[in-house]
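We just call them A, B, C, D and E in the order they show up, numbering each chain from 1.
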């Protein structure tokens, strides 16, 4: 078993998350894709932690989870607010500001 | 493996602690102080803690420490300079924030609803912006002094989250404001994912998450550098996003336009200092020895950013968007300070950041003053003849614009000169030439605004300049004085920077 | 060499007059003409005084210099504001101030009805000063100042009645064509400085001994160009006819007696250059020969009395130039002809002015006729001048012109024969057209307009005419008696060996007189025997038509230079607007356009922005991938 | 001795005084401005008297540390060339103020602002010629644009704002190129013994010829835009057309001289080798400017544009003289700068009066002014004569020196340039004929002649033009040592007379 | 990447088995997130990815993180997502057709390029040192090890994170909290108001949904006597969610009444 496989997995998940941000329109799904990217990063951290043989990576992953939780709170609050104003959770509808 | 109790050097951390303390008090004020008293209380607390923090920064100006917070932060000259710059810019911004009329009366109320109208009538204010500001400032103070990836990431989020929120709190054009918040948030989170992913690879490469450890790994240079390169690239994506460099700039015009103008001013100025501070530190210390790998990348990004910002700014019709693109161009100029990778580059960047930040706050302060019955007027066509109606406001704005354009005797010129000199010294001639070219392009749109204000006859459409309230006046005058003083007598500040600007590793 | 402190007064007095008259404005209207005349007269007095001083000294000591101040001094380029009065310049000084003063006097009366008489006198004074500077300057650069100064004065005087657009145009034309000539003088000075290191007469004379022929030829040709411009020689002669737009005294003074002869002065003054540059000298002769025929031919067809006289002037100066081009032998004769011509041509011009004065400013000779009875003095003085220009002995022209014809014949070889023939032919044609002028003006039937009431001019006008007539009669004899002028000038010029005589003087005189007789006879047959139409007939030969149009010279200039120039100007104006400024504006538009296009990237959709970030990141990865490969 | 600083401070003090005058009392404002400029002019003349003219070193030297970390000093000092140009600037200033007494009234802003801008500009005009620190020079060079920009855009006529923008953008573009060069100099000086901007020290820098060429171009293009050299000239006609006459005088008469001054002071001194490399190209441009400017002037219908194009031609002469590298050419060029200042001033001021009276700047709208307004017509005529370099006018001396100096080294260029003098006759005489001569056309019958103030303003200009035409020695004696010094530094000696051995 | 091969002892084979089973599932779930229409389904798939990741964490000696991933991340954070999804309309589905011109091909190209290059790069990476494994680091137990780091080395960021949490809470409050600006009216006030209003139309209370309508579902508005639909008979929430049926369909005038007249 090669630990590198985890890294490939992380890269794939990260890519999928990034694509999700681009292709999905529902703000919540977009946000979930971002969470997916963070999770991919966490997986990379954990894997590297194991490769490097120290726990710093795991600490980072832990911090990431906490920070991500905060981000989720703020992000969802913003999404709800905009949903309440616009009656739409589509990120495409929020395009007043452009050019 | 015995647990050793952590030792924190509270003196060195005090600027941040003071601000966090102030923010916490602010939160308590929200809970316990009557509505009527809240604005003044919050303002006093905010200003007080900022000033106190500044004093504290001054007092630790000659300190150097790698262990102030168990190795999580570095206190050195550049740290002090960045922190001082951020605090000064924040103080000016707070004057703007404190002025009435910018923030929604009740963020939870639907735009156009009775509830909102009622809240407006009763003079309700979202005084939470003060603690949010303080949290953001604290994050900004932490960002450029972080010395490991965890702290860097936490600081990044800490400065970002309050800004995401504050971007959505505009009183007028609330839908646009909320949209700005959404865009800022989504893209910010997106970019911080890249940042984190990059951090993971750096950790993988160096088996350390401290800058020093990364530096050692880079110097030691074992194996091939794929992990390092990926790490640098993705970390840069996060950082470049924050500074608004092409192609990671796209959020900034929309957010600058949508956010309440004081917030725009604050984030345009202070965030840039913080982000570039962090960038300078990490590139100057950790990645310095891998210059071959990132320098070409940054050169290309810097050149494209300068040109892109300048070119697109020409085509703008909205003053806030124009300033946003201008700030993109300036991000390009500032990147040449990173590319310079020498002491001159560091000094120049710090000077530039401060000068640009102050002028930016001043510029946006003027934007808050130009309004009609529906609030701020940002359509440039309606700025016509401003010089006729309110010569002083227009003159002040013109001076800020001239500073952006880098006309001598303004701070912008000294900054531009210094930063391009530093880049040239490092042989980045292409950046200097692109910088000069895009400065010429940029001059075009700055001057066009001056033409609009001074040489075009006013249209009678109700646009008027609000008589500046005391607070905004203070902000404008303060910025103006600094902008001119740094243009005419930059020597003391330059010397001060020069004495301090050395990263410890 | 003698120095003097008083030379400057020659120039200063008329200059002072001009300055006072111009600055005082209308306040000086009452006495302006008197002051102007006095200034001119006092300059004449100074000239006489200088002459008397000069006569009292030996040949070598005669030239007088005065250094006023250091004018331009940069590196080795040192030019003093210095004056030189020698045997040559004194002739000119006296001619200029003498004839000038007479014309001042004449003008008092001639211009008495003009509102701007004071200004006229100011210009006249200015002209006198400039002309004196021209002949007194001790270096080419000083000469150049006077050279352009007389050009300016000429411009002002030709355009004196510039409210008439044609006159204004004429003055501009004169100035511009003169400037083309002046350019030649500039070139000559530049070449002289570059090759010889100096621009003073003295210095160049000293250096000319050792200088290469090429350099001297170049200088000489350029001086010739200058001379053609100022002296209305081919090919720059076209302005002179138009210059008759000026008041008649001006034509007399500037465009007959003095300024137009400056070219002769220049060539004579530069004798040391031309003597050492045979090619240039040959060109001088050719120019002179062409012009003398050219002018004479034009003169045959002109009905405007002043233009006829102007053509005659052109032709006569052609004689002088030709004479000057013949080298050391010819210089003195050229000068002599210049002086005698100064008298008789000025006299005739004043006569023409007098006629016009009496004929309501009519200039068309076809509307004259039979004026002899009404203007006896004018007729007499004009007639004496006529005889002089024809070269009838013992009038002035006989001495001077025959000398030139003789010298031409004797210049050797086929050149001598050609030149002699040309000069003889010229004499014949001169006789023809001058007789034509006489007949049309003074004899025959009156063809006046209704309102014409011809009368003799007042004293102030005829007195100068009389004085000049006396000069026309006697000057030739006086100057040639015992080779007075030749000997007087000889120290300035190189020695010349005796030429083989092709023809004896008496033969030449005989031939010349014969030609004159033929010319007069033809004119008599053509104009005295037949009715003269009051309106110029249109059914004339092609040659007449061409001659009437100044031998197509104006047409040529217009077509070749003016039109081309105008078109070039228009093209350049458009080019500047469209191409150069267009390029500048294009750069601006390019920036604005690309800005607008790039602006399109900002679609407002957050997902596009994310895509942009993703692309950016992908590009970074791609870059790494390339690096790692 | 800090007389130069004091001299620079005087107009600033004056501008403060102007700003302090009550808004209602415009006359007082003007009087204060006039008094200030007169005082400055007198002070400059006093300085000129104390100038040791045979001393080729900089005089009235002063040096204060300004931005030590970049090695930037506030360093002033003048040689003969700078003295002459400062003299020109400060003497022109009161004339402009007096001549344009009512210029400020048509402006967007108050009369006070106009004079404050003029006085600030005067300070900069002194400083830009006196600076011996390259950075200081650049700062003033760029900062000068701002007052001029507002003077054109705020008080001009017609398309004033567009013209002002064009002027500013053009100049800024050139300035930025120069900035790039200055940055390179700064860095190189840092690598070669410490950052400095001292002109003398910078001229000792070692650099490769490629570098030198590029840096030279940076400076030269900036200067070639300023002293408009074909094909970088298109801003000038627009600016001159739109600016008030007084502004035009300061713009063409003084500001544009900074370009030619800079070519001598900076291009030649700092990059002698590159100057030599580019000389052939520059001379060609100069000759094109001479002829092209003249042709364009002939083709203009607008009086102000015409004058602007004549200046392009004249700047061609100046540039040619500078790069001819002979003492005659050089001294001639410097003298030309001075003379051009006055002859252009005369043209613009009188032209301005004509235009303001007639209410049109189209030449064809005038006619027969000589009969209606003789003094004005004469003034214009004399100004024109000065412009076409009639001998006896000061410009003749300089133009001839340039030509003769050029001829000794570059005969072909000089010959082509000399054709310019014929064109000059045309471009002056055509407007003279159209505007002053001919019958008095409708609309011109009732124009008033110059009043006393205007006469007082124009008299010294014409007096200087004529006096220097006959006696240029006072200036030449000051200029010659400086020019000779530059030529010698460049390693040139005047070509000896060939004695025709070509 | 050979250097990274870990000798992780006995667990090697089981780990590999687990990996090869779970990893495809994880990727599939992640891809599913992009492809399903309903946001709720995406959320469920996301949760499954997270749980899979938790297994990977545990497999890689990150026991604490694995647990936290399940309990906190999946349990709390994902629930928050679902909660909000419920709020904004649980069954609203997303059209997957791309509306922004050219975005999809660009996105796919970028993604394929990005992912492909990443994978290719990782394949080339060498670390120059062997993989270590966490045996020694976890010798005192994973939790203890982490705790030691958290509370000593990383105490400062740990502290700062608290500020972050406060920020988040404060932010959520700012955006969501409706401050009561007026005192709530009492029953009495309300009824007074009802009768003193301009119209007495609603004095007797609002009509219920479906009354007189051809359908009596809650999302069908009642019909007024004149046959027009009464908008106020529908619950505001339904209306806000967009679940109200078009009342115009039920207008009496639109009902085909012609049949009765035909014989």
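The rule is short, and it goes like this: contacts are C-beta pairs under 8 Å (C-beta built on N, C-alpha and C of every residue); 3 or more make two chains touch, one makes a residue touch a chain.
Computed from a predicted structure; not experimentally measured.
Looking at the partners of subunit A and subunit D together, the chains they share are B, C.
Remark: the per-chain Cα centre closest to the mean position of all protein Cα atoms belongs to D. Distance from subunit A peaks, on a Cα-centroid basis, for C. Of all the chains, the one whose CA centre sits at the greatest distance from that of subunit E is C. Across the assembly, the chain pair joined by the most C-beta contact pairs is A-E. Here the CA centre of subunit A is 25 Å from the CA centre of subunit B.
Chain centres here are Cα means. That of subunit A falls 13 Å from that of subunit E. Computed centre separation for the pair subunit B/subunit D is 44 angstrom, with centres defined by C-alpha atoms.
Subunit C and subunit E have centres, each the mean of its CA atoms, that are 102 Å apart.
Shared interface positions of subunit E, i.e. residues touching 2 or more other chains, are given as 100, 103, 107, 110-111, 114, 118, 121-122, 124, 127, 154, 157, 161, 164, 167-168, 171, 175-176.
Shown for subunit C are the residues in touch with two or more other chains, namely 588, 599, 602-608, 610-611, 614-615, 617, 621, 624, 628. Listed for subunit B are residues 107-108, 150, 154, 157, 161, 164-165, 168, 182-183, 186, 190, 194, 204, 207, 224, 226, 230, 253-254, 444, each touching two or more other chains. Of all possible chain pairs, the ones that touch are A-B, A-C, A-E, B-C, B-D, B-E, C-D, C-E. Contact residues of subunit D toward subunit C in the complex are 166, 169-170, 230-231, 233-235, 292, 295-296, 298-300, 326-328, 331-332, 368, 370-371, 374-375, 378, 385, 390-392, 396-397, 400-401, 403-405, 407-408, 411, 414-415, 418-419, 421-422, 425-426, 429-430, 432-433, 436-440, 470-473, 476, 480, 483-484, 494-502.
Per the touch definition, subunit D reaches subunit B in the complex via residues 65-70, 108-109, 138-143, 145-146, 149-150, 153-154, 160-161, 164-165, 168-169, 172-173, 176-177, 179-180, 182-184, 186-187, 190-191. Chain contact summary for the complex, subunit E toward subunit C: residues 100, 103, 106-107, 110-111, 113-114, 117-118, 120-121, 124.
The touching residues of subunit A, when paired with subunit E in their complex, are 1-9, 11-20, 22-26, 28-29, 31-33, 35-36, 39, 42-43, 46-47, 49-56, 58-59, 61-63, 65-74, 76-81, 83, 87, 89-90, 92. Subunit C makes touch with subunit E in their complex at residues 603, 605, 607-608, 611, 614-615, 617-618, 621-622, 624-625, 628.
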